[in-house]
Every structure is written in structure tokens, then in C-alpha cells.
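Heads up, there are several structures right after this.
Two complexes follow with chain A in common, the first pairing it with chain B and the second with chain C.
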Partner chain A sequence: MRLRALLLMAPALLLLLAVFAWPMLEYAWLSLHAQSVFTGLEPVPVGLANWQRLLGDGRFWQDAGQTLRFAGVSVGLELVLGLGIALLLHQNWRGRGVVRSLSLLPWALPNTVMALGWRWIFDDPNGPINALLGGLGLATLPFLASPQLAWIATVVADVWKTTPFVALLLLAGLQMIPADLYDAFALEGGTPWQALRRITLPLLRPYIFIVLLFRLAQALGVFDLIAVLTGGGPASSTESLAVYAYLNAMRFLDFGYSATVMLGMFLLLLAGSALLLLLPRGQEVRS
Partner chain B sequence: MTDPGMTTTTSAPSLRLDNLTRRIGGRAIIDGVDLAVAPGECLALLGPSGCGKSSVLRLIAGLDTPDAGRILLEGDDITRKPPQRRQVALVFQSYALYPHLNVSRNLSLGMEIRGVPAQEREREVTSVLAMLQLTELAQRLPAELSGGQRQRVALARALLRHPRVFLLDEPMSNLDAQLREELRPQLRSILCAGSAPVIYVTHDQQEAMGIADRIAVLSNGRVQQCGTPKDLYLTPANMFVASFIGRPQINLLPQEDGTVLGIRPEHLVATDDSGIPVRVLNREWHGASQQLLVSSPQGDLRWTCDGAQPIGEGLRLGWDRRHEHHFLKTTGARC
Partner chain C sequence: MKRFGRGGAALVVLLLLWSLGPMLWQLYTSLRTPEALLGDGAGPGGGWTLANYVQVLHGAPPFWRYLLNSTVVGAISTLLTLLLAIPCAYALSRRGGLLRLVVSGGLLAAAVFPYVLLFLALLQVARQFGLANNLLALCLPYAGLSLPLAVLLLQAAFAELPVELEENALLEGFTLMQRLRWILLPLMGPAVVSTGLLVFLFSWNEFPIALTWLSRSELLTLAPAMARIAGSSVFTVPYGAFAAATVLGSLPLLALLLLFQRQIVAGLTQGAIKG
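== the complex of A and B ==
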């Protein structure tokens, strides 16, 4: 029995090992070596030197904080907006089906294309937002040149792109809740607002949990959006850990340290996911 | 054709439906329904699925709004009142228990949102739990309860609403037949204990006859007849009611003169030579009686008898004239 179970799981396990464990081991090995222009791009064993450097690397920890702030704020906004949209799409109104399909469009766009679009929208002085500000007689804003505005721009772009995905997942959860519950609650004297707090949110908890897991993992690893929209700038103020790892490898040609940054980020993510898994997940609706 | 059925009740009705009409997509799913229910009375709304009986409940509960007509509760017009302010309880067919709350939280949530103080909530929940033998189950989630236990929780929750009208939508349909029969007297005693009128929706005539003081038979959104179970059995107002009440179904024999003769299977008797000749086609043995299907010159007949008639046997059947029902072939109305 055990053998058969193992055999049946083997293909999936092998695939996971091949695409996940093997590169991780490769990275771990690389993080114990220096491989850069100074070593002639040949790996030279250096022990824990890369890890020592990581612990004292202000830019790594600054980027870790920035990544966390970006993920926290974006995912938080996406959750609130996504829930609002899901609740709207769950109501019965004319044209709901069309809106439901159209609302998924941002999510269907490739990240790079979307980020290029936003770079143009935020452009100073030629982008549509600044054109609008100019048309109203206001001063234009250097969106991508000011650290605060550039950070807001990355959050806006991410929220715009992934809110539909969050809304879709939450909508699936809403559709699992029997309508009778709301009728029963109304007959007991409950207002729609109370129903949202006492019935909808508790029953949506398993779905909110899945959204958090998916979205946080994705947002903490954010790369393409920031690489294309701001390049991590100005002055690395929007830089994420993934962008930093990329720069180490591709700009500074320091592959050993890039692998260390990558692994450090992975360990932080792992710790974060473990914390998330400890959260209570709520009661599943069973019919 | 409709009969408000006020003959058997003496006190003023506490719930009155006045020409209630609801149209969906141009079709009247409820078509001019008039009903009156006295305090403490249990009225069954009986009819086949799709006849509009559940829709009537939703209108009374305020979950839907009629296109015409009025709903009067204790003399006060509640037709347009939101469900929150009607003080009406509805036991859903699905029971609609909150899946994330245990039994006692299911029962107290309504009081909590209505602002009932915690001490009073606790007292009320404890007493209703004891009354319905649910005390042991107070900490369980709905998913951990059997169908019968869920039904009792739903009933308890409705009782805690202290409703001015008690509505039940097929509360037995999710239970197996044996449990249904067991629960009927229990349900009846709980429903009759209060002074609120009860409206009980079902498609099962036995259940309606076992629980209700009066039955309103509904078809195509109209009340076909409203009266005591005995009235409905003895003097059905039309062919629909005649076929819907009484098992096995009444025999309907078309006559030459444009009428239909109705005779119940239990009123047929074997005679010597005066009756109609029949031959036994099929036999179901039911213990106390047996159920025969016989062929006759006027068509196949259902006959309930206690003798032992073998299949294929020929004999003559007759009946007492007093048991005859006559209906018009065109409208189905009694004549």
C-alpha cells in the first residue's frame, strides 16, 4: 500500500524536485561561493562570507522593508476593493455578466505590458494624468521621479492589475453562501450591514485566507512591475528584494551574492507563510 | 370557487390576505389569493410543486412584494413593511442555519442584533434548548447535526423570534418518512402552544391533514378550496381538490351528460348483480387493506377492499349514492 502510494506520488514529487529543489540547492551552493568579475566569473569557495555581508547589507534590509510595505498596502487595498467589487457583482443587475467578464481584463494583461502602460500614464510631462493636471491649470507632478509618488505609482499599478483576481476569488466564495441565510437573518431583524459582518465575512474567511496566501506570496516576490515601471528608483526607493537580486546578478555581475539575496528573500517568505498558516481559517460552508 | 373558509373560526383573524397577486414575467404565480387565519390556528397551504405556495410565504415574510392585494397582520397593513420589522418567523426548507455558529449562537444571534441584553438571551436560549431537547447539542455546529436535529434548531430559532405569524416551508421534506411521522405530533403540539397563527406549506396531503386545522389547496396560484380536512375530503369543491385529497386517488368517470362522476376507492363495494362488471388487473397488499386496480367498461378503477381477490377474477362493483361526487367536465367545478 505504502509503496503504491509512493509510486503514485512519484511523478509529482520528481517534478517538484526538478524545478524547485534542485535550483534551490544550486543557489545554496552558489551562496557559499564568490562568482563575480573579480573572480573572472569562476566560482571560488568563500564560506559564509556572502551571508555575513547580507546580514550587514543596509540595502537588503531597506528593500525587505520596502517589499513588505508594498505587499502589505497593495494586498490590503486589493482585498478591500476586491470585496466591494465582488459584492457588487454578486447582486442581480442588468449587464452584470458583461461587466464581470470585462473586469478581468487588467488581470489578463502581461505584467510588462501593463507596467509600460502605467509608465506612460504617469509620465512627466507627457502622460495623460499630467496633461489633465496641466489642462486644469495645476502644476504637473513628477510621479516617477519623486520617491513618495513613485511608490504610490507602483501600488496603484499593482492594485489596478490584481484587484479583479481578488474579486473573482471572493465572488466564488460569495456564491457558496446560500441565499436562505440572508433571508433568515433579515427576518430575525438583521440589516444588510449586520449581515455583511455577521454572515458574509465569517463565511468568506476561507476564501480571504486563500487570497492572502496567493497575493502575499506574489506581491512579496514582485519583480517585473517595478523593474519596468520605476526600475527600483528613484534612488532605490521602490526597489524590491527580487529587483535587488536581479541587479546583483545582471548589473553588478555578482552571482554569488545575488544567489544569497535570493535565498535570504526565500527564507523571509517562508517564515511569513508559516505565520499566515497559523491564522485561523474559519468554517467552510458545507451543504 | 374560492371559499375564505371563515365558517369554522369564530375569533377575528389575526392574519388576512386580501386579493394577493404576484406576477413574474407577465405570468401570475399568485393570482388573487384571499385567506384568513385565526390566532393559534394552523393553516396548511397544500399543493403540487410550482403552485405558488412558497411564494405566498415569501410575501407574508416580506422577502418579496406583491403586485396587488394587501397583507393585514392584527389589523395592521404590513404589505410594504421590510422583513426586519414584521416580527414574522419562517422555518426554511433548508433550515438556513448559520453554518459558522454553534447551536446556541445560532439561536442567540437574532436577539443579539435586536439588542436583547445578554442575560435575557442566555435565559431564553437555555429554556428553548431544554424544551426541544437540544441542551446536549448546544455547542455543536450545524454540520455536526442530523436532519431532525437541524429541524429542531430551526424551530427553536423561529420560536425565539416570538413571531406574530409562524411560517413553515416544507419543514419535513428533508427528513425520512419514518422520522416525519414521528415528528408530526411533536410539531403540532409546539405550533399549537402559541397564540400566533401558523401557516404550514407542504405538498404532502397526509402531513397537511395531520398537522393543520384547516387546509387551503392551491393550484396555479389560486386557492381551489379552503376548509377542514374533513370538508375537503367529503365535499371537494372541484376535481383538482377531489384528486389531491384522499389516497388512493378518487376514481373519475366521465358521463354522457357532460359531467364527471367521482367515487373514492374506499367507497366501492362488491355487489351481487346490480353493479358494474370488473376484472382484477393488479393487486397491492397493504396489510390492513388491499389496493386493487380493476378494469371496467367505464375505464380502470382503483378499489380499496379488505377481501382477498385474486388477479384475473371477475366480479361486480357498486357504491352508495351518498358517496357520489359530481363535477362539470368543462370547469371541473362541483355540481
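== the complex of A and C ==
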């Protein structure tokens, strides 16, 4: 019986190992080698040189900070907006099924397609936002050409695309809460705001946790959106770690260092998830 | 919970504007002449054109080629994923103990892993085995990347089926294949469909691996084709052709979502509850 179970699982597990485990081993090996145009693209063992370079690489740490800022602000906004939308869609009103499907549309589109669309929306001076500003007699804003504005543009595009996904998962959570709880709470004189804080949010916590897990992991690995919307610019002010790793491999042809950047990013993610896993437990102790 | 006055209605309008506005703007842009987009006085009623679509559809290669490539890759990846995931999910759902715990944990970790990190090693594999510029080969990493979520969703669906059903079939002398084919899978239609749709969406939209595996322009799938259009100077301002490309690239997915929205929503929420 056990043998048959293993046989049934073997093809899937082998492909999984090939796609997930093999690359990480390959990176571990590559990160101890120089393989770039200077070595004629042949791997040459260099010990820990790549790792020393990583620790002192200002661009890596700047990108790490920028990736964290992007993920934190995007996911935070998505959670708040998504909860609002989920509460709205959870009410009883005619036509909410249609609205639910329509509001899910942004989520289904390819990242690259809408990133291209946002580039036009943020265009200076001909995009619609700047046309509106110009029409009101205000100065146009160089959204994609200014380091202060460009990262906000990436956040807006990401929030637009992913909030429907967050809202949908939270809506599934809301539908699991029995309506009697609210009725009983209202009978005892609780206001809707108190009900949100004392019933909805605590019972929604497992769902919020899953959303946070999936969305933070995705947002910290952001690549498609930034590659197409800003290309990491201006002056690498929107560059994420994934984009930096990509540039190291495909533009600077420095494969050894690119593998080191990716492993470094992986280790940072691992440390981050460990922190995230500790977080909810701490809250439970307090409450 | 019945109070839903004007404030609620205003919020719904706001939500629709926010969700649909950027897409409607693309549609509008795609139908305007360059002069009209730059505000060079086309009068009311003037400045409308289909020229942007003609330009995109007569490109080299024509735009429908990318859509076709993405559809082929999406369909084959979905089939391959289901073929591998169904037996694995079945075995997993019928086992208890340590094996299940370890495999499920590993699958969950792989499901949230930012797969973009894998592109360089996968590219090396592609070069070593001559898999670059091959649409069928591209389905292998896509299936591998889709497996974690697919197995988790399907094994939850298997676990929900009553055990007696299978025991009876066993007494009747059904083999494993027969039980899967004639007893279990027919009852799992919804789960298989929603899992397949999520895999298809992923494969259709995937960017970094397609970007590095494909270089011949007639083989590009939609995502790298859009990036190439974005990077080419032919289509800089004005954006009419850009917008026509985004509209054409969105339409198949919008159709898919509207046709199967119930299954997609079910798949996503199942993942949330059981993941």
C-alpha cells in the first residue's frame, strides 16, 4: 500500500524536485563560483567572494529596502481596501453577483498587459491623469520619471490588480461567520463598528493570515509589473530584488553573482516568514 | 444587514469605476487616432479609428499568433498538471501520518515560493537540453510550478468523498484506474475544473520564464510579447497601438472569467479554506 502511494506520487514529486529543489542547489554551487564575461562564461571557483560582494553591495540593500517598501505598502493597502470591498459584497443587494465578477476582472489580466496600460495612464503629459491636471490648470506630474512618484505608481498598479483577489478570499471568510452572532450582538446593543472589531476581525484572522502569506510572498518577488511599467527606473528607484537578479544574469551576464543575489533574497524571505509565523502567536498570548 | 442606502450605492459605483476605469480607458484609447490622443483638435464625433487594431493585427508576427501560442501552452500545461496532480493528490488523501504531513508542508511552502527566483537555473536546464524556443518544453516548468497548488486543491476534494464509495467499488472488483476513472473523478468535476482554470490562468500570464526561454518572435507567448512591444520604439507615444494590444490581450481572459467565474471563485476560496 505504501509502495503504491509512493508510485502514484512519484511523477509529480520528481517534477517538483526538478523545478524547485534542483535550482536552489544549482544556485548554492554557482554562488561559490565566478561565471561571467570576465571568466569567458566558464565557472571558476572563488570561495565566498560573491557573498562578500553581496554584503557590501549598496544596490542590493537599496533594492531590498525598496522591495520591502513596495510589498508593505501594497499589501497593507490591499488588505484595508479588500476588507472594505468584501464587507460591501457581503451585504444583501441586487446585482452583487455581477459586481463581484466585474470587480474580479483586473486580477485575471496578465501583469504585463496592464503594466503597459498603466504606463499610458501615468504618461506625462498626455496620459489621462495629467490631461485632467492640465485641464484644471495645474502642473502635470512626471509620474514615471521622478523617483519620488514612480514607486507610488507601481503601488497603485499593484493595488488595482490584486485587491480583487484579497477581497475574494476575505469574502469567503465572511461567509463562514454565522449571521446569528451579529443578531445576538445587535440585541445586546452593540454598534456595527463594535461588531466589526469584536466579531468580524477576530473570526477573520485565519483568512487574513493566509492572504498575508500569499500576497507578501508574491509582492516581495515582484518582477513582471516593475519590468514593464518602469524597468526598475528612474535611477533604479523602483528596482526590486528580482529585477536586480534578472539584470545581473541577463544584462551584466554575471551568473555567479546573480545566483548569489537570488539566494540572498531567498534567505531574507526565509527570515521574514519566520518573523511572520511568530507574530500571530504573540497576539494570542495577549488577548 | 438590510440597510443599504445611497451611501452603499455610491460605494458600488466607486468600486466599479476603480475596477473598470483603467480598462475602459484602454478601450477608448485603442479607438482614437494619434492626433485625437494628443489633443490636436479633432472635433466632437471625430478622431475615431480602427487603424490601431489593423496595425497590431498586421504586425510581424500578427498579434493573434501570440494569443494562439499562449492558448497552446496554457492548454497543454493544464492537461499535464492535472495528469500528474490527480494520482498524487489521490495517494496523498488516502495516506495519513508523517508522509502526508511532510508532503503537504512542502507543497504549501512551494505554493507561496516566489517562483521568479527559479528562472536562471531553469534557463540553464533549457540550454543544456536544448529546450529553449520550444513551446511544448515550456509546459514542463509551468506544470511543475502549478503542481503545488493543484495537488493541495485536489487532495482536499478527494478527502471530501465518502470512503464507503470506494470500498464498495473495491468489493465489485474495480481496479485503481477504474475506481478513479468511473467512481471518484466524475464526482470531482467542479474541483478539477476550477483547479484546471487556475493553472491555465497562471500559464497564460507567466512572464519571467517565457521571457528567458523564448527568443524567436513567432514563438512568443502573450506576456513577453507585451513586454517586447513596451520596449520597442515603434510604439512609443502615442499609445493607440499599445492600447489595441492590451485590449486584444485582455479579451480572451475576460471571456474566460465571465464564462467560468463561479468555478474560478470556488477554486480560489477552496484554496483559502483548506490551504
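Here is the rule we use: the second predicted complex is superposed on the first by the 265 of 287 C-alpha atoms of A that agree within 3 Å, B and C clash if a C-alpha of one lies under 4 Å from a C-alpha of the other, contacts with A are read in each partner's own complex, and residues count from 1 in each chain.
The definition used in the following text is that contacts are C-beta pairs under 8 Å (C-beta built on N, C-alpha and C of every residue); 3 or more make two chains touch, one makes a residue touch a chain.
Everything numeric in this text was worked out from a predicted model, so none of it was measured.
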### Three-chain arrangement built on chain A, chain B and chain C clash or fit
fit
### Task
Look at A:L54 in the shared chain and tell me whether it touches chain B only, chain C only, both, or neither; answer first, second, both or neither.
neither
### Query
Taking the superposition as given, does A:L77 touch the first partner, chain B, the second, chain C, both, or neither?
neither
### Query
Can A:L133 be said to touch chain B (first), chain C (second), both, or neither?
neither
### Task
Determine, under the contact definition given at the top, whether A:L141 touches first (chain B), second (chain C), both, or neither.
neither
### Task
Please work out whether A:D180 is in contact with chain B alone, chain C alone, both, or neither, and reply first, second, both or neither.
first
### Query
Between chain B (first) and chain C (second), which, if any, makes contact with A:E188: first, second, both or neither?
first
### Query
Using only C-alpha centres after the superposition, what angle do chain B and chain C make about chain A, to the nearest 10 degrees?
80
### Partner with the higher number of touched chain A residues, chain C or chain B
C
### Message
Per the contact definition in the header, classify A:D224: touching chain B only (first), chain C only (second), both, or neither.
### Response
second
### Task
Give, as a whole number of angstrom, the minimum Cα separation of chain B and chain C in the superposed three-chain arrangement.
9
#### Entry: Common interface positions of chain A, toward chain B and toward chain C
none
### Task
Within their complex, state which residues of chain B touch chain A.
61-63, 82-86, 88-90, 92, 94, 96, 98-100, 109-110, 113-114, 141, 143, 157, 161
### Message
Show me the residue ranges of chain A that touch chain B in the complex, using the header's touch definition.
### Response
178, 180-181, 183-191, 194, 198-199, 202-203, 282-283, 285-286
### Query
chain A touches which residues of chain C in the complex?
1-2, 4, 8, 11-12, 15-16, 18-20, 22-23, 25-26, 29, 37-39, 84-85, 87-88, 90-92, 94-95, 99, 103, 106-107, 110, 112-125, 140-141, 143-145, 147-148, 151, 176, 201, 204-205, 207-208, 212, 222-224, 226-227, 229-230, 237-239, 242-243, 245-246, 249-250, 253-254, 256-258, 261, 264-265, 268-269, 272-273, 275
### Message
Applying the document's contact rule, which stretches of chain A touch chain C when the two form their complex?
### Response
2, 4-6, 8-9, 11-13, 15-16, 18-20, 22-24, 26-27, 85, 88, 91-93, 99-106, 108-121, 123, 126, 128, 131, 160, 164-165, 168-169, 171-173, 176, 179, 182, 207, 210-211, 213-214, 217-218, 220-221, 223-224, 227-228, 242, 245-246, 249-250, 255, 258-259, 262, 265-266, 269
